[in-house]
Structures are given as structure tokens and as C-alpha cells.
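Some structures to go through are shown next.
What follows is a pair of complexes built around subunit A, which joins subunit B in one and subunit C in the other.
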Partner chain A sequence: MTPIHVIFDGPVGWYCGGMSDGGRITVNGSCGWSVGENLMSGSIEVHGNGGSSAGATLRGGRVFVAGTTGARSGISMKGGTLVVGGSVGYMSGFMMQRGTMIVCGDAADGIGDSMYEGTVYVGGSVHSLGADCVEADMTDDDRALLATELDPHGIASTGVDWKKLVAGKKLWNFSKHEYDAWRGAL
Partner chain B sequence: MATLTSEIDCSAHTTREINQAIKRAAADGVPEIRLTNPAARHCLAVP
Partner chain C sequence: MEGGAVSDGIPRGRDGHVLQPLWVWSPETIEDIQSKAELGRYTNRGLGMTKRPPHFEDLTFVPCTLSRVPLEGYRETCATSIEIGGRHGAKPIKLSTPITIAGMSYGALSRNAKQALGMAATRAGISTTTGDGGMLDLEREASDQLVYQVLPSRYGFNPHHLRMANAAEIVVGQGAKPGTGGVLLGAKVSPIIAEARQLPPGVDQRSPVRHPDFVGPDDMQIKIEELREATDGQIPIYVKIGACRVPDDVKLACKAGADVIVIDGMEGGTGASPDSLMNHTGIPTMAATVEAVAALREMKLEGVVNLIVSGGIRNGVDAAKALALGADAVSIGTAAMIALNCNRPIYVEDYEKLGTVPGACHHCHTGLCPVGITTQDEDLIARLPADEAADRVEGFLNSMTQELQMFARACGKNAVHDLEPEDLRAMTIEASAITGIPLVGTNFAFRPESFAQAVADAMAAATTNGHKAPQGTH
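Up next, the complex of A and B:
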């Protein structure tokens, strides 16, 4: 059976498509907090702006927001892909555990704070990195992934100074020798 | 046989009714459902 395509002609509020498992949702407007919260599979496209916590605890599937999203976008992601065409607010990617977040615009303070795993790509400026979030080298595979994710939306992935952010892994295990790192995170 | 497209005017229904209609359409094999006037209502398309 073909998964259903749900189309909203207008803005939606909090938690649109939350906990969905399969199917496709298109929002022709903006959305409130936590669009696609805990999405298991399927896709959500928002042709507008998103609120805070877009794609929170994403487990699978794909959330695309064409505009800008608020604070803590992609918080505690456990899989899936979150693509933001604009910028994201502070502490986005906080405690990310798996998955991929692509930010085509700027990232506000504390991006990737305390992330365990997963990858965050930022095309614009990074105001500041969160605790234990470090920049890694971009590879050809990374660029191929960005092209695959962004081309369908008509967003150029080339000619962009992409920053790849990953976990520094210093917070994986407590070490009294890195007390300052823990104190900074907590 | 399921119709190709179903349309719901959200202004005439509660959120619960809308979500139940989406679930029913998915179960019936309706490929596309269009919802008008969502009016920024919370928790839409939540199973």
C-alpha cells in the first residue's frame, strides 16, 4: 500500500506529525514547536518556518523545514534526518545521540552541546560550539550526502563553506582528569 | 475502492476528529488527504 500523503494548506501548531510512523506530511505554511517530535519513519516537509525543538527526539524518517527554526532544534535526536533551510536557534542538536542534522543557515550559540553521536552540518556561521562538540573534516561522502539531501529542495550544496560537527567524546565516560569538561557541560 | 484524494475542512471538526479521519484514510488506502484551514491547531496528524 502506498503511504498516505497528508497535506495541510495553512499553518499548524505544536507537535504536527509527532510520533508518526510512515507516510508523508506536507505543511504549506509554518509550524509551531516540535514538528515531527519522535517521528519513527516517513517524512514531513514544512514550507515555512518552524518553532523551537523542531525534530525533537527524532528516531527515523526525515523532517525538512524550509525556513528558520527556534532553539533546541533536533534536541536528543536518536536517528533520522533533520534539514533546516534557514538558521537554527541556541542549543540545537543538544544531546544528539544519532542521526543527521543539516543547517543551511547559521547556528546560534551552543550547537551540538553534549552530543553523544550523530553529525551536524552547518552551511552558515557557527556562533559557538556547545560542550564537547568539535569540528571534523569534511569528506567526499559528506558532500555527496549534502547533495542528496538538498538537491531535491533546490538548495545548493556546493560553493558553501560547510562545517561538520561531531562529538568530541570527552563526555562519554567520566574522568576526574577532565573535570573541567564535565563542569562546563553541567 | 478508495478515492484518490480526500479533503477535510478543519474548521468544521475537532482535532480528534481530524486525526481519526487521517488514520481512517490511511487504513483505507487513500493516497492523499488535503486539510484546509488548519488554523495553527496543535497536535495535527498525531496518531
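Up next, the complex of A and C:
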């Protein structure tokens, strides 16, 4: 059975490809809020900008937005891969649980706030880290993953000062001795 | 008497004089402060609020006497069924009795508890609801009619499960803690529960309160359209709201396209939440019912958008009062858990290990439920065989139905949905003011419009009697 490939020539509204499982969607234009929300598998490519909550609660598959996306991109991701060619808005990656978010541009304030697990890569500047989001060392495996994800879109993964962001895990279980970490989270 | 002591429940000093505890610094307040000092944070608890709110308890029925004719209490038929959720042409949920089982998560509850609730709901001809942990296969198999919750966390949310559901319920909030997400402490996040929610095992899971993919009511309208599209318009869409600004919220939910609105009052339960939120947020179910019904009436959508009320419904009497005030159905959560065996005096030594006793246990958050309901421990789960537990819940549901019918017949109604405010009187001025129902012994509801009417009546009477009516200032 050949997976379906839906092509939109022009912009689309909210929830494009939301809750899909398999197939491929191409948007030759921009999209509204929550593109690929709760995607289970398959892929969505947006050759324009995305709204807020792009890839919200993504569980599998791939969402690619060539331009920029709004606030809360990749919120509560539970798997899958979200690639944003441009920048992401405020509080992106909030409460991320699993999966991979790649931001080629800048990340606005509060990136990765209260992440449980998962990995965020940022190629541009990070305005501020969210609660319990910490920077980790880039490895060869990380660079290989970035090349695999970005090469098909013609985006160079080398020559970029990638920042790898992960959960500090201080919010996994409450400790009164780490109140400073919890001050903003409780 | 040598030292201080408690005799006959009264604390006494060395010389026997009565020691008067301070109201502000009561033993409960002292305990609260000292436990917070030890924990270093707010305190979490299960179940619900500790205060007594204005409640359905403050209303009484005034059944038929000479002025109205009752139906025979144990014989004449009295209809109980209702279909809900058909506003937009979806296949409605058919309730043989106007009761539903509220959303409680697999995770907060054990699999046996979820399965038993499904079995009992099926046998009683009603619906049950998933929770903040996705759909459990056992629960789906056990439940003829299953409502699938769409929660802010989307833990375990799966579009295939959505399409297997009989209704979808967007949870905007919960009566126990409107405006805040739930908590599942690490002790209950077992490897199985963690995988179902895509979380690391053992974390203190603090659920979000805002939905990830919409924010306000206009956005929710689009979300409702998405859910309808994903389910071919076949299943009703519910919106569940923690009771706060009820008139506004009901109108906004109606406009957004809800088929059913669930209003959860502050007495509503929870698996684990900050104690302070449970006692100090939201409004009581009785008050919320009155406001929700009035809002639907104002929108001319009464009976079109169905209203379910929940939060502290303890029996068929509370349910009958909610229906008399205009609700289409009630939802029970904690009462169903208690029917399962919650707080039953068995395995008493395990209650004691938790520092509590049967009858006062609210330690759901610890994951060490002595009776196997709010736990993920295999040995404890085995204490709750699903089939037996389902029998108990079914028995309780049947008792609620019988009580509903009993009050309806006594009030001369051959259908429980014919109960009306006129069948009630308020026992307190407060309940009268909240509900607009006359206070017992008077024909007067303590509401502004009643006062205005009383003044108008007095002026008319004075004029009729030939006296000069009171004049306003010139």
C-alpha cells in the first residue's frame, strides 16, 4: 500500500495534519497553530512559517517547518522529531517528554522549561533557558543526527555553533534542599 | 490531676481547668504549619475538600400531600433514562439512569479499579470515563459506553483510541482544583504507568493546566471541529469545567460547540492535589448547578446542550436535588471509589502504616492504597478482584436510581427528570439565597428580586387597604 501524499499549494489553517498516523503532507505556504499536533507517524513539511504550538504533543514521525514558528513550539512532545528552519517563540519545548526538536535559528525565552526528557538543539542564540533546562556537550552522534535530519532539507548542519539542551532532572522529584530550582516550578 | 490531660474530649490543664484552644491557631492549623515546615512545600492529598460548603444537604423535598397527588412509592413506573449529546447529530450517549462515572486516570487508579468501574457502568446501562493517563484496553473492553478525555497533558492520547470512544470530553478544569493541573507523585509512576504516559519512571508528574494546542474559547471551537472531523461527527463532544465563573463559562462552551457541559463543583475529588487548592478554589456544586441552568436557559439551549453536574454527589438524594434544579444527569467519582471499597475497614494495619484509619483515609497520593484502588502495587491491586468490585458499584448505582425514583414518585412525578425547583425548600437562608428556593416556613426566597417583590406587594396592599402608600423622597 502506497502511503498517501497530500500537497497543499497555499497556506493552511489550524491543526494541519493533526492526529495523523502515517502518510505525508506538504504545505507550499505557511500554516496556522498546532501543525502536526499529536502526530503519531508520517511526515509534514511546511515550506513557509508555522504558528504557535507547532508539533504540540508530537508522538512520532517528523514535522518540518522551513520558516519560523511561534510560542510553545514542541510543547509536551512525547516523541518524534520537530525541525524548525528559522526561530521558535517563547516557551518552546515546554514540558517536553521525549523526542527531538531542532531549531536552526534562535530560541526565545524559556526554551525547554520543565522538560522531563528529550533533546533540543539550537543553532542560533538562546535568549534564556527555562526552568531545569541545561546545556549538554555535543557529541559525534549528535552531529550525525543533525546532518541526517537537515541534509534532506538543504540546510547545512556544519559550521554552526549548536547548543544541545536537555533536562537537568532536578524537577523530577521534589527536594526541599533544591528550592531555588523549584521556586519557579511549583 | 498532675499534668495536662484530655478528659471527656475536653483538654484540661494541671489543675483541671478547661484549656481553650485558639480558633486561629487550632490543632489542625498547628499540624498544617508543622507538616509544611517538615516537607518544605505545600501539602498534597487525595479525595477532596475538608470544609463544609453550602450543599444539597441544605435543601429538603416537599412531597405531595393534599395539594398534590403522589405516585405509589414502590410500584408505579418512574422513568429514569435520558439520551445526551445529540446537539450536532452525533450518536448520543444513552443513560438508563441519569448518572455517569467521572474521569479518573489509569495511574491514579489501578487497572482493576478502572475495569470494575467499566463493568459496573455497563451493567447499569450508563457511561464511564477515561482520565489523565489514556485509555486502558481492559477499560474499553469492560465499558459499553466510554467517554475519552482530552486533557491538557495529553498523556497517552491516541487518535485511534479517540475513534474507539463513544464520546470525547475536553477537560478545561476540575472542581477540586480549577486553574491547576493534577499531580501524580513518583511512588505511583510505575514502569507501566510511565510508559503509558511517555514519562521517566518514578518522576513526580505535575500535569499542565493549559491545553498545548489551544488557549481560549475561540480556539477551543476549532479544537472541537478537529475532534468532530477526526471522529466523522459520530461522537458527542463534552466540555468539562471546574465551577468558577459558571455563567460565562457555560455560555462560552455552548458557543464553542459543546454537546454536553460537565460542571464540576468544588467538592469534586482528585487523586492528588495541593490541599490548599481543594479548600479554597471553585464554588459548590449546588451553586454551580443553579448558575449553569440559568445560563443555558438564557441561551435558550436548555435540553439542547445537556448539563451534567458533579462534585460531592453522595447518593440518589443529592442526584434528585441536582435534577430538580435542572441538571440532566450527575457524575460520580469519589462515591464510586467508596463503593469499590475505598475506606472500608479491612486491612486496617495497612491504613495504620499510612498514619490513618479507615473512614478518614485520603492517602491516594501515596500509592499505598490498602484496598487496591489507588495503587500500582501488584500485591495491593490483587486485593480488588474486578468482578466483585463491579458488583458493589453496580449495587450502589442501583440504589441511587431507586432513591431518585423514590423522591420523584413522592413528588408525584412519573419521570425523575420531571423533578422541579417547586419540589424543594431551602433549610438555610444561605441555600435559599443561592438557589432562589423559598426558605422552609416561609414563601420567600432570599434573593434581591424577592425583596423587591415583597416591597411592591406591601405597597400594593397598603394602597388596597385605603392607607397611603409609602412615598419616595421628593
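Everything below uses one rule, namely that the second predicted complex is superposed on the first by the 185 of 186 C-alpha atoms of A that agree within 3 Å, B and C clash if a C-alpha of one lies under 4 Å from a C-alpha of the other, contacts with A are read in each partner's own complex, and residues count from 1 in each chain.
Operating definition for what follows: a contact is a pair of C-beta atoms (placed from the backbone, for glycine too) under 8 Å apart; a residue touches a chain by one contact, two chains touch by 3 or more.
Treat the numbers as computed from the prediction; the structure is a model and nothing was measured.
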_Quick check on the superposed pair: does A:176 touch subunit B, subunit C, both, or neither? Answer first, second, both or neither._
second
*Touching A:17 in the superposition: subunit B (first), subunit C (second), both, neither?*
first
*Contacts of A:155 with subunit B and subunit C, given as first, second, both or neither*: neither
*asked:* Is A:56 touching anything from subunit B or subunit C once the two structures are fitted on A? First, second, both or neither.
replied: second
*Touching A:131, do we find subunit B (first), subunit C (second), both, or neither?*
neither
*asked:* Let me test your reading of the model: by the given contact rule, A:8 touches which partner, first (subunit B), second (subunit C), both or neither?
replied: first
*Could you tell me if A:75 is touching subunit B, subunit C, both of them or neither one (first, second, both, neither)?*
second
*Kindly classify A:97 by the partners it touches after superposition: subunit B alone (first), subunit C alone (second), both, or neither?*
second
*Go through the superposed model and pick first if A:116 touches only subunit B, second if only subunit C, both, or neither.*
second
*Which partner reaches more residues of subunit A (counting touched residues only), subunit B or subunit C*: C
*asked:* Taking the stated contact definition, name every residue in subunit A that is touched by subunit B in one complex and by subunit C in the other, in rising order.
replied: 13-15, 18-21
*Where on subunit C is subunit A touching in the complex?*
39-42, 153-154, 157-160, 162, 186, 197-200, 202-204, 206, 208, 212-214, 219, 222-223, 226, 230
*Residues of subunit A touching subunit B in the complex*: 1-21, 23, 25, 29, 32
*In their complex, what parts of subunit B are in touch with subunit A?*
22, 25-26, 29-47
*subunit C contact footprint on subunit A (complex, rising order)*: 13-15, 18-21, 33-34, 37-38, 40, 53, 56-57, 59, 72, 75-76, 78-79, 94-95, 97-98, 116-117, 171-174, 176-177, 179, 182, 185-186
